[in-house]
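Paired with subunit B in one complex and with subunit C in the other, subunit A is shared by the two complexes that follow.
Let's turn to the complex of A and B:
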């Protein structure tokens, strides 16, 4: 009970201090809940410097695993922006409301970010591990550590970075921590991988067999990031040593965050009609998107880091008929009189000669970056009855037009001839008949 | 016909005729109003819903917009060039009536009511044209009988009750009009009537795909006449005028386009057109050349023409210039063709062969009067009788092949039946000769063309003098029996119409336990739910039968509908229904499906539900993906179609089965439940779980069930494993703890 009230008090005090101190409405402070086990961490305030959690920027709350009184999600909105899970001695601690798998899923689906920190002796509670399993991260069980027969002491350097998109530098002289297996989910971003000759196994066991090791070589991962489809982020690290400022910023959505400001498409000869729902086959179309990136709490124009990160547009109906790279054409302000904060990417193309319901699809999923996706469905109609070329504009048809005209003229001539001229002309016959009668 | 004091006999006759016509039209129209009185002013069945929707589009937009209409709300995502793939005659007709009513007569009438009442109104006109046609065959009294028959024959009523807003509603009228004008043109040999025939033919082409029947029947008539050596300049004038004008006119309908000169179905008309030119040439040559030379000329030219024609046809077909015969055409000749090759045609119940009772049901006594009428036509065998014979024979054959073609058989049955009956009445109603002396009797009956009657009456009158009791008695017996038949015919027609053809099939009639009438309105309940509760651009997947209704009543985008123009797309929907959830989810996502709608009759015993149609979905899907969907997998080892505990694995895993029986046993408190359509027990121990779709709405009697397609899993799992883990979780909450310190079985991370 005591711990509960302390935790609440801390949170409340933090809030009060914040509202009292800050009068200038700067960037909103984000709230962080750190769940810890007091048996392992006696002074949780130490974590603040370790995580470089600046009190100026974050509203901090500390919660012990024995406290079951805090809700993660209220009214389908996350109560805290971020939650950090520290290792726990107990496998299933009392704080069910913040550790149950279902609660964590709910929290992530509501948009909250999660950082789980593992260690050799004590891992995060079992239900949090179950949540990680759903995501596709399978941390080694309690007691398994990363070991190697070749190096007594495992050190990590930049060679161990699986990718430098999220974390760019790494220097851990002595790694003592856990490793995890991960699934092939495309939403997982491996950050740090184990060395080729390492493995993870229970440190008590010396006689190793294949089924007693958890990870082998580079299939073991020491830090893994995850970004759900709603752009909520999560990460698991095998040891507190791997928690770096870069990683925390990524998990807490402070960097590599993109925002789709607008998408628009229009006919090139009628740029004033935006986002029309009906096009015609072979129309010339322009498509553009505006993307901003969050840097130092401000939206700035986004520039793709490399060729691979270029944005693409699919113009598809069941299958893509076009898949085009968008080119950066400049920057502009997303709102009137606002700062220039948006990069504009655009492409021009011709609608294929095929009618149907087409989708302008922007699907931008790059490692570490927020996902951008946008679908706009338009109808592409066929040519109307008066939109075809006129017959006389087609040179091939001249033959037929001429022959039709000749037939008409010839028929008229024939009729004239039959009626008025020639041998069997009607007039003459009639005259002859009359004459015969007279006779 | 001597002028009497006050009134001419002729005037009385005209007056009587008008009165009779008015009462026939009244009977025809009122008989068709059962559906409106029993239910309400509502559009029926399936196709009429599309016609109604198209008509609404026409009256809200201009004609050219209608002509160029690209419909983005059907056949998602292919869309349909609706303006170019429909027969606009029906919509334009009711659109014109609507405009006339509103702008000229200032009657603010709802377009729906025009659509509902169009078919009954046109049935009155059909009676008039039937009268005119039959009058050309025999005389006015036969015409009146034929008009009466046409007005009330159930074979025609089945397609023209109020609310049955289908192409056939006006097409039969136009069919009779075209035939009448053709007979007239052929008899008179006038360009004027030929042009009128072409005009009426054009209207027919614009209204119904069945115009091909005319396109083949008239040339056939001409061909037979030519073979019989009955060529005349009148025939030449009538045919060439009709063919040239009619073909050019029909090509103005976008849906028909160049078919008249490229499709095999239309080649007969072109061939006969060529032939009649040759015959005309032959006739000209014959009149100018001695007969011996003409014979050799004739022989050489026949051989030349036939061989050239056959070769040309083969060459053009092989080169792809002439489109091959369509599937519906083949199924006309070989009733098994469709079943083997085109399941989508065979799946429609009205494309099935006709059973005998159906013919009697739809035509009653006309079924046996029809051959008698043909016999009389053979007896006289003028050119126009030949037409009735050919028409009768062909439509009788086609009606035997496809149930729906009873519709084209009915008019000729009415005409032939009326001819037979009026012959009989001519003979038996005429009692004047019995009371006259033999000499005058002979004189009066000489006017009658029938020689049989003449002989009989002369014999009778010569043999007996005095009061002819027996003759009168025989006549009275024959007449009264026929009056009985006629009365029975009227009763039968009324009964059939009120019981079989007046249900809108959107609303189902039923009875409460206490016997009072009730209405099952699940369809509209579901469609209205869709209309009010889903986003306007939601895509609804359902079997194609319901496409038009969803478009018309729920106003939502559909994937497939009753305009079955793309077999592959329909097979895709069939595959999604027949496959397991993971396979179908991919299809659903690829097609942006938001809702899936199934029809389930198991609670109510409504036999027209999707599980009963399911085999057709499987067959059609198998036609495109023979390796992924197999019909055999849906039958048990004994070859039975089962949905109970013996149901095959493919059956139980199919999306259709799951969606139909999802929570079915819950309705019976988790006990075993009986499917009342198939009389099979659905086991309660195998719980049906749905991971990729969730139940959104089920109507009162469970006839329509709507499911919402779930979004992709936020964590990137596939929905089955997400659902499974959720179920495990809830099982664990019940006390079964699962420990998973086991190493997971994962693929290498690459």
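Let's turn to the complex of A and C:
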């Protein structure tokens, strides 16, 4: 009875979140579903402070793994903005509708964010692990914990941060949890890696052999982020201790979220004609994009954090003929009379001496940031018949023109002389020859 | 006196010629052993014969044609050297200039063949001539017409 009442409450909360989004233009409340096992977590309300989930910002719903009455996706839209999976004692709990791999993929494809939390003894349900395997994260099986022969307890320091793009600091003195192997997918962002001398194996086995360990040394990862091509985010952490506010904000799309406001290209001679579809070879072209970043629920101009995060433009026809770094030229408002919320990045270049169908391609995939991609196809024509330089404009060809003219003059002189010499002279020569013969 | 002088001259000439003879006899085995020098001598002799024959057959008009041909070859070579040194950037202009030389050369050579044969065949009444029906006037007319076409095309090609 309690479960069904919770389920109803959650469904109501979901609806409330949507209606709030429609009526209130201010910072939107997002809905979070936390799926947990009451055998492990008796008072789920404790998680609220753990996750630093502010009740004013989130519509919270709690669901037990035994409840099978909640849908993640309805009408191809996610019912909840974010789902958190806590560890479960049972490998395959009753809540099939929220734990099945296919359902989770559907949810991710619809744009929902997923956070899965492991622990020393228990893992998330097997079907959720299968979903994690699908995106390239392979958490250690149930009972495998991260251990080391050199330290009784494993401590994590800044050295264990695989990358500081998503989580900038670690506040976990002692780590108790599991580790995961990851694939080499480009959509995965390792966050925390295991210590060099650690390994993960079943804690009940003392005699350690190669095939009893799941990860060895830095091969193992304790926290991994994933961002799908539709910018939906997922993360797996090996222990509840690793769940920090930074990580939650990243997974729940509250930071490192970018928006492409506009892209435009024009000929530098005629800046008033935007996004023309026809260019000529060797035209001088300007290309610019506007990008906003989400900060504290507001769009602000985006500034790349480092050199590596520079935006790039490819001008390509099968192969990129140009791949250029865009430079930040300033900020402007994305709408008229609106706040200044967009950074403008631009580059000028010359269209290559090659005609065909070209694409202005912006493909921005940087660690931890939303992916931006934009393609604009244009035709590049060759020079028209009357656009070529005349020969006499090219100094090199003066030699050849002179030569051809000299040939003509010489030919005229030749013909004139030829006629002037006349038959008489020929006859005279012939006469001389005849005289010679007679002699 | 005169006879004596002549005889003395002959004798001295014969005497003077002897070392030459000796030298010639001495060289003979060498000559037979190197056929290359012999063939070179043959070639030189052939060239000399050809040259004298050419000079004999030369009329003022043929001489004019030949000097025009030499001029065209020189101009063509000059352009080719220029293109090797400077590069072939306005390639159509180079082709135009070069082809005007080559084309004019070919046309002039045709004129020379037809003209020379036509005038010869006037002498020999058209025997053995490959162009029995072509008169010198016709040959010149063809030449002028073809050259005009050539120059027209060349100047359009140079653009």
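Assume the second predicted complex is superposed on the first by the 373 of 439 C-alpha atoms of A that agree within 3 Å, B and C clash if a C-alpha of one lies under 4 Å from a C-alpha of the other, contacts with A are read in each partner's own complex, and residues count from 1 in each chain.
The rule we apply is simple: contacts are C-beta pairs under 8 Å (C-beta built on N, C-alpha and C of every residue); 3 or more make two chains touch, one makes a residue touch a chain.
Owing to the predicted nature of the structure, the values given are computational and were not obtained by experimental measurement.
When both complexes are overlaid on chain A, the residue A:411 reaches subunit C alone and has no touch with subunit B. When the shared chain is aligned, no partner comes close enough to touch A:45: not subunit B, not subunit C. In the superposition on chain A, A:421 contacts subunit C only, with no contact to subunit B. When the shared chain is aligned, no partner comes close enough to touch A:327: not subunit B, not subunit C.
In the superposition on chain A, A:55 makes contact with neither subunit B nor subunit C. Touch criterion not met for A:350: it reaches neither subunit B nor subunit C. Comparing subunit B with subunit C, the partner in contact with more residues of subunit A is B. Against subunit A, the residues of subunit C that register as touching in their complex are 56, 59-61, 64-65, 68, 71-72, 75, 78-79, 82, 86-87, 89-90, 92-94, 96-98, 100-101, 104, 108, 119, 123, 140, 144, 147, 151, 154-155, 158-159. Touching subunit B in their complex are the following residues of subunit A: 101-102, 105, 108-109, 130, 133-136, 138, 141, 181-187, 190, 211, 214, 219, 221, 228-230, 232, 278, 317-318, 355-359, 377, 379-382, 384-386. On the subunit A side of its complex with subunit C, the touching residues are 388, 390-391, 394, 396-397, 399-401, 403-404, 406-408, 410-411, 414-415, 417-419, 421, 425-426, 429-430, 433.
The touching residues of subunit B, when paired with subunit A in their complex, are 64, 67-68, 70, 72, 76-79, 81, 84, 254, 537, 590-592, 712-717, 722, 725, 729, 740-741, 743-744, 746-750.
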